[in-house]
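As structure tokens, here come the structures.
What follows is a pair of complexes built around chain A, which joins chain B in one and chain C in the other.
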Partner chain A sequence: MRVNWSRSSNESQPSKVFIMPVPEHLNFYIDPNRCIGCQACVQACTECDTHKGESMIHLEYVDRGESVQTVPVVCMHCDQPTCAEVCPADAIKRTEDGVVQSARKPRCIACGNCVIGCPFGVPEINIEQQLMKKCDMCYDRSSVGKKPMCTTVCPSQALFFGTRQEIELLRPRSMPVNEFRFGRQSITTRVSMMVPRQSHEPARYVDVTAAMDERPASRHVSLTVIDDPFAEVQTG
Partner chain B sequence: MSTDSKNEMIMKKSDGPAAASTSEQITKAPDGRPPEEQPTWRQDFPIDWPQDHHVARRDFTKFLVLTSFAFVVGQFWIAVQNFIRRRRSKPQMVKIASLAALPVGGAVVFKYPDAHDDCILIRTGEDTLAAFSQKCTHLACAVVPRPELNAFHCPCHAGYFDMSTGRAIAGPPKRPLPRITLKVNGDLIYATGVEVSTL
Partner chain C sequence: MATQPTDPLKIIEGYGPHLAFTSGDRLSTAIVPDRLVKTHCCFCGQQCGIQLKVKDNEVIGFEPWEEFPFNRGMLCPKGVKRYLQGSHPDRLLTALKRDPSSPTGFSAMGYNEAIARVASEIDRIQKQHGNDAFSVLTGASLTSEKTYLMGKFARVCLKTKYIDYNGRLCMVSAAAANKKAFGVDRAANPWSDVPKAKVIWISGANVAECAPITTDYVWQARENGAKIIVVDPRITPIARTCDLFLPIKPGRDIALFNGVLQLMIENDWLDHSFIEKHTVGFDALAQSVREWTPAKTADVTGIPERSIRQAAQWWGTASTSFLMHARGIEHHSHGVRNCMGAINIVLASGRIGREGCGYATITGQANGQGGREHGQKADQLPGGRDIENPAHREQIAKIWNINEPDLPHAGVDAYEVIRKIDQGEIKGLLSICFNPKVSLPDNHFVTKALEKLDFYVAIDFFLNDTAHHADIVLPGSLQEEDEGVVAQFEGRVIKINKAVDCPGDAREDWKIIQDIAAKLGRTHGMQFQSPGEIFDELRAATKGAVVDYSGITYEKIEKQFGVFWPCPSEDPDGKPINHTGTPRMFEPASWNPVAKGAGPFYFPDGKARFNVAPYEPPTEDIDAEYPLMLTTGRVVSQFLSGTQTRRIGPLVEQYPEPRIEMHPRLAAKLGIADGDWATAESRRGTCTLRAQVVTTIRPDTIFIPYHWAGRKSANQLTISAQDPISKIPEYKVCAVRVTKAAAAPDYASELEPQQ
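Presenting the complex of A and B:
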């Protein structure tokens, strides 16, 4: 092993002597349009041993009353993590590759501030363990160059882990956006959300609070009503 | 802070792979101002893992509890060792000298209970005898009787033991010399056992 002590060589060549971060060119892309709500990601996440059979990915319904559309929710790994900002126990840390880790077990007091604070609704408190656990991009896998569990099983690739070139090639009609506005709070994240590519003006950010009041344009859906669904079919 | 001392600080914090990373702050505060303009508590409670040097109170408490638990276990271990030593069968009685051949102030060196355990018998008075292991309890040098001081003297580090009780009275040894219990039967002196004590 070689250690560079001088500052200049440290800067020219990032000290990769001991560190094992998630590679910079690999990123997480969420494409909610493609989510079919199959729960495969939830199952895959549950199987992982590092968080003891608990799923760190949430499969949420956008509006259960209106539609069956689901959206997978993983940690977005914010550049200014609100969960860490509000943590009174100094338990939530962010490694230098930009991955916000689960709460440090010796520090977490299970106060739930992060659960309330996170604009994406990612952290959850495990009451039995008195510990906040959240998605850490499968740090044990992604830090050695493997894909997170959920992205390996997603059949529609609503969850994608790879390079930006790959995703742009695969999804020419969408574009990744990693800036989100919540009122006056603007958050840039490591994880990107795929939004439809509009020809006139590319979306620079997702205005979440404005989108909350948005309703999908109502469509007329007519179903053929069968008079007697249990009628016996005449044969012969 | 110079670069070297900064690197040294990072090296000291040896908690795994993240330790040797650059100490540059990557997380920006929500108000967007540079780190120099931020309040001091941001340096005390950094969000970035490489900058975090704190030992949690819970970690420290765990350390204290486990350490004191280890001490308790050690005490029990010593008690068990004492118990086992007491229950060990007594060495057999061995004739060591004849009373007639030992004048007052005279000494006899003998081996008891094994051929490697040097002991010394001293006639301290007309009716009193004292026998101790000759090994100094400090570093096992042979002690020499000094009847004029009523003491055993260890020449290696100038340790002194009381001649009648075997207790360490000066110098580095802390524990008394193991006493050899004696039995006088007419003219003959027998060694009957070894009493080891720690005080």
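Presenting the complex of A and C:
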């Protein structure tokens, strides 16, 4: 992280000027509905200079038997990161620009508290290295004016890095949300999730556990004409 | 000799496919590359811009190239990991000769000795059996300089009429239909028109897996209010969130297009002014589709009538629109008719040749567009010319400085070449950028034919599956080891830049071809010193033709991030001009060398043609014995016959082995659970793979991706029926039966997933 100090002429009162490595106006937006499961993000993530050879992004099929829908899991870079708060070794740091860094040696003892604690299921322990590793928003790139690898390569721009103005211009059908409710816990994040834009009332938060016990409908979203396109097809 | 020299398992042990993962210097975060080379992906027709990181003559990684306007830094997983082909353990560093005494079946051979042997065999076969006894099969992932050179090599150097290319397996249906309708074969619009379309019709294109960056364009259109219609027997990622999904029965596309046109006519959703002014043949076509009532269309296509009506209404009443299709409608024995049907509904709407109003086939290979322009097709000469047209023959004979009578006439398509090898008419073969043993249908027959070859020389950078049969293998160049141009799928001519030198004895393909010519003592017109020299001749050869590259230079390409052809060097009066290219075709006031101002389309009267396209069922429809339809296709992590991508570890890990995709209702009927070994059988062969039970496919259809070889090859089952006009094989539909396998197949214990 670069910090610029500018000292006033009065030595007893130095003033600090932070230049955020990842500027405040540049944000990470994820729209899981646009994910096409191509894994360009996973592959490009392994090419990032912080953790070459390993991907910090996971891609999951929601239920391949029912749908081709996939969801990329990136670190949400919480404002009050649960992973850092539950770390007994104080190995996880959040820089002033809101990026939650990956765990650091020699502090990390691979206890797994962060894995259990993170509500988004992000951190993973590398057993061989005895180290938790997670997405750091490609800090080697984002701190010097480049975009994270995953957002650069994503062919459907499910992962997007840019300004709020840019995404609002590009995505009239959705809107960013960065507050998530898990039961009684509320978490705000640096990374925003795109949710369908409701004309009558903007979504203020995502209630993650609201639909926990419902079975997801497989093709309910946009096939406006019929529910099961293959209902009338006979097997051979 | 052309039989495999030893047990294929031993050849695989020696030459792969083995998996390469990122290792060594490529894992280091401390290394600063010597340079970043701006270039393009080596895989599909989207031709994403990418920068390759080079250190000490090795490509160690990539950096996005955000300035290249088509993809703006976006890439798919294949492009990200392509660099792992460099320094690969399977890379051919020497020429090889067939050697049954060697444990791997091949042994290294000196390059010059190999060239001498190749030349001597070509000479012998041609002297004994005639020039046409030696054939050339080439491919569309080569730069245009090389595709041009291959055509010249076959016709001027070998003087054989038998040259064809792997585009026969992909683009020829769209090409033929486009030529019949528009008089020219190129995407009608640049992709920048897609986001401005209010209705996007996608037929037979698994966009998210086969042209990933196009997904962003289509979904940007939706953000702008567009409705997306997807026609496919499977719910692919692009179909999952579309506005209207038409679950078509394989092989029935022309019925759907005819039905939609009939609804357009019934409801008068037609642009009469456009039809009147810019087309011919509407009345005959209208007459021919009268029988395609919505009920009949629904019955034949397997799509509910209400969906057909909805699709026709959205399409018919759209203010702007874009229709795109790919192999799903083209890989049929009526592929040309299917494409003509698509073009018919575009022309009837009048929405072409202007902003937000477009049509295109999505070309699959890196140079699938350029590779079908400059003469490596059996019936083609450079500039998109016709080898049987006397004026065209004279023009090219002049450029090549040969006598027109010495220019061979049309040959036959790639599958017919295989049949002629089987029949003994063709005795020798030189192949490059083509792996027919994996990519041609009914490949047991292909193998049988290959074994009859007297002499077979393959040029490649890995030992591909077909090259197992070669007498000699010459070590060719990776895309990043050469330079040249390709025309990506929009018709934009772009530059591939050289990043590293060829390793070992490997060298640029154009040098290998010229070395053979030199050893044959037939160097006329085969003495280029660089790709730039070849390109200059190609430009001159295309001047004034339909596919006019004469105004394109490497510098202009770099400056403009590509130049859309036609880019003439002179205006219609012959005055030199600095043309910047033609992004959008068929604009109302445009000029072309065929119409000469009479109209925007490439016919003397300047008008587009409607084509009557009658429906016929697939060549092999289902019956009691083989009651299911097999359709084949691709997955995002693999490319074509897998010679390259099955050697890249991270890509193989993404989707390691082919599966038989089937619906749960079908699986239940057959007693098959997800992951069980299942055997698919057709009249031509069997294939045992693990089942993948998913609701995202028609219950009367199974799907198998075709990128794997040998006993995992989907093409053991497919039929070699071909479209009579384009000769494209019918990969998308044939009849099969499926049973639960009694046990795991033998290969499960013998082969790694990628082998």
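As a convention for this text, the second predicted complex is superposed on the first by the 188 of 236 C-alpha atoms of A that agree within 3 Å, B and C clash if a C-alpha of one lies under 4 Å from a C-alpha of the other, contacts with A are read in each partner's own complex, and residues count from 1 in each chain.
Here is the rule we use: a residue touches a chain if its C-beta (ideal position, glycine included) is under 8 Å from a C-beta of that chain, and two chains touch if they have at least 3 such contacts.
As the structure is a computational prediction, the values presented were derived from the model and not from experiment.
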Problem set entry | First, second, both or neither for A:163, with chain B first and chain C second | neither
Exercise. Now for A:68: first (chain B), second (chain C), both, or neither, which partner does it touch?
Worked result: second
Exercise. Taking the superposition as given, does A:209 touch the first partner, chain B, the second, chain C, both, or neither?
Worked result: neither
Problem set entry | Which of chain B and chain C A:42 touches, first, second, both or neither | second
Exercise. Looking at the overlay, does A:130 come into contact with chain B only (first), chain C only (second), both, or neither?
Worked result: neither
Problem set entry | In the superposition, chain B vs chain C on chain A residues touched | C
For this session: Please work out whether A:171 is in contact with chain B alone, chain C alone, both, or neither, and reply first, second, both or neither.
Result: second
For this session: Based on the superposed arrangement, let me know which partner A:154 touches: chain B (first), chain C (second), both, or neither?
Result: second
For this session: Answer with first, second, both or neither: which of chain B and chain C does A:104 touch in the superposed model?
Result: first
For this session: Report, in rising order, the residues of chain A that make contact with chain B in one complex and with chain C in the other.
Result: none
For this session: Can you check the complex and tell me which residues of chain A touch chain B?
Result: 3, 5-7, 10, 14-15, 17-21, 79-82, 84-85, 90, 92-96, 98, 101, 104, 106-107, 185
Exercise. Which of the residues in chain C end up touching chain A in this complex?
Worked result: 21-23, 26-29, 61-62, 64, 66, 73-77, 79-81, 208-209, 212-213, 215-216, 219-220, 222-224, 235-238, 240-245, 247, 302, 304, 306-307, 310, 622, 627-629, 636-637, 650-651, 654, 663-666, 669, 674, 692-700, 737
Seminar exercise, completed: The residues of chain B that touch chain A in their complex are 3-4, 7, 16-22, 26-30, 45, 47-50, 52, 54, 56, 58-59, 62
Problem set entry | chain A residues touching chain C - in the complex, by the definition given at the top | 33-34, 36-40, 42-44, 46-47, 49-50, 52-53, 64-69, 140, 147, 149, 152-157, 170-173, 218-219, 221-226, 229-230, 232-236
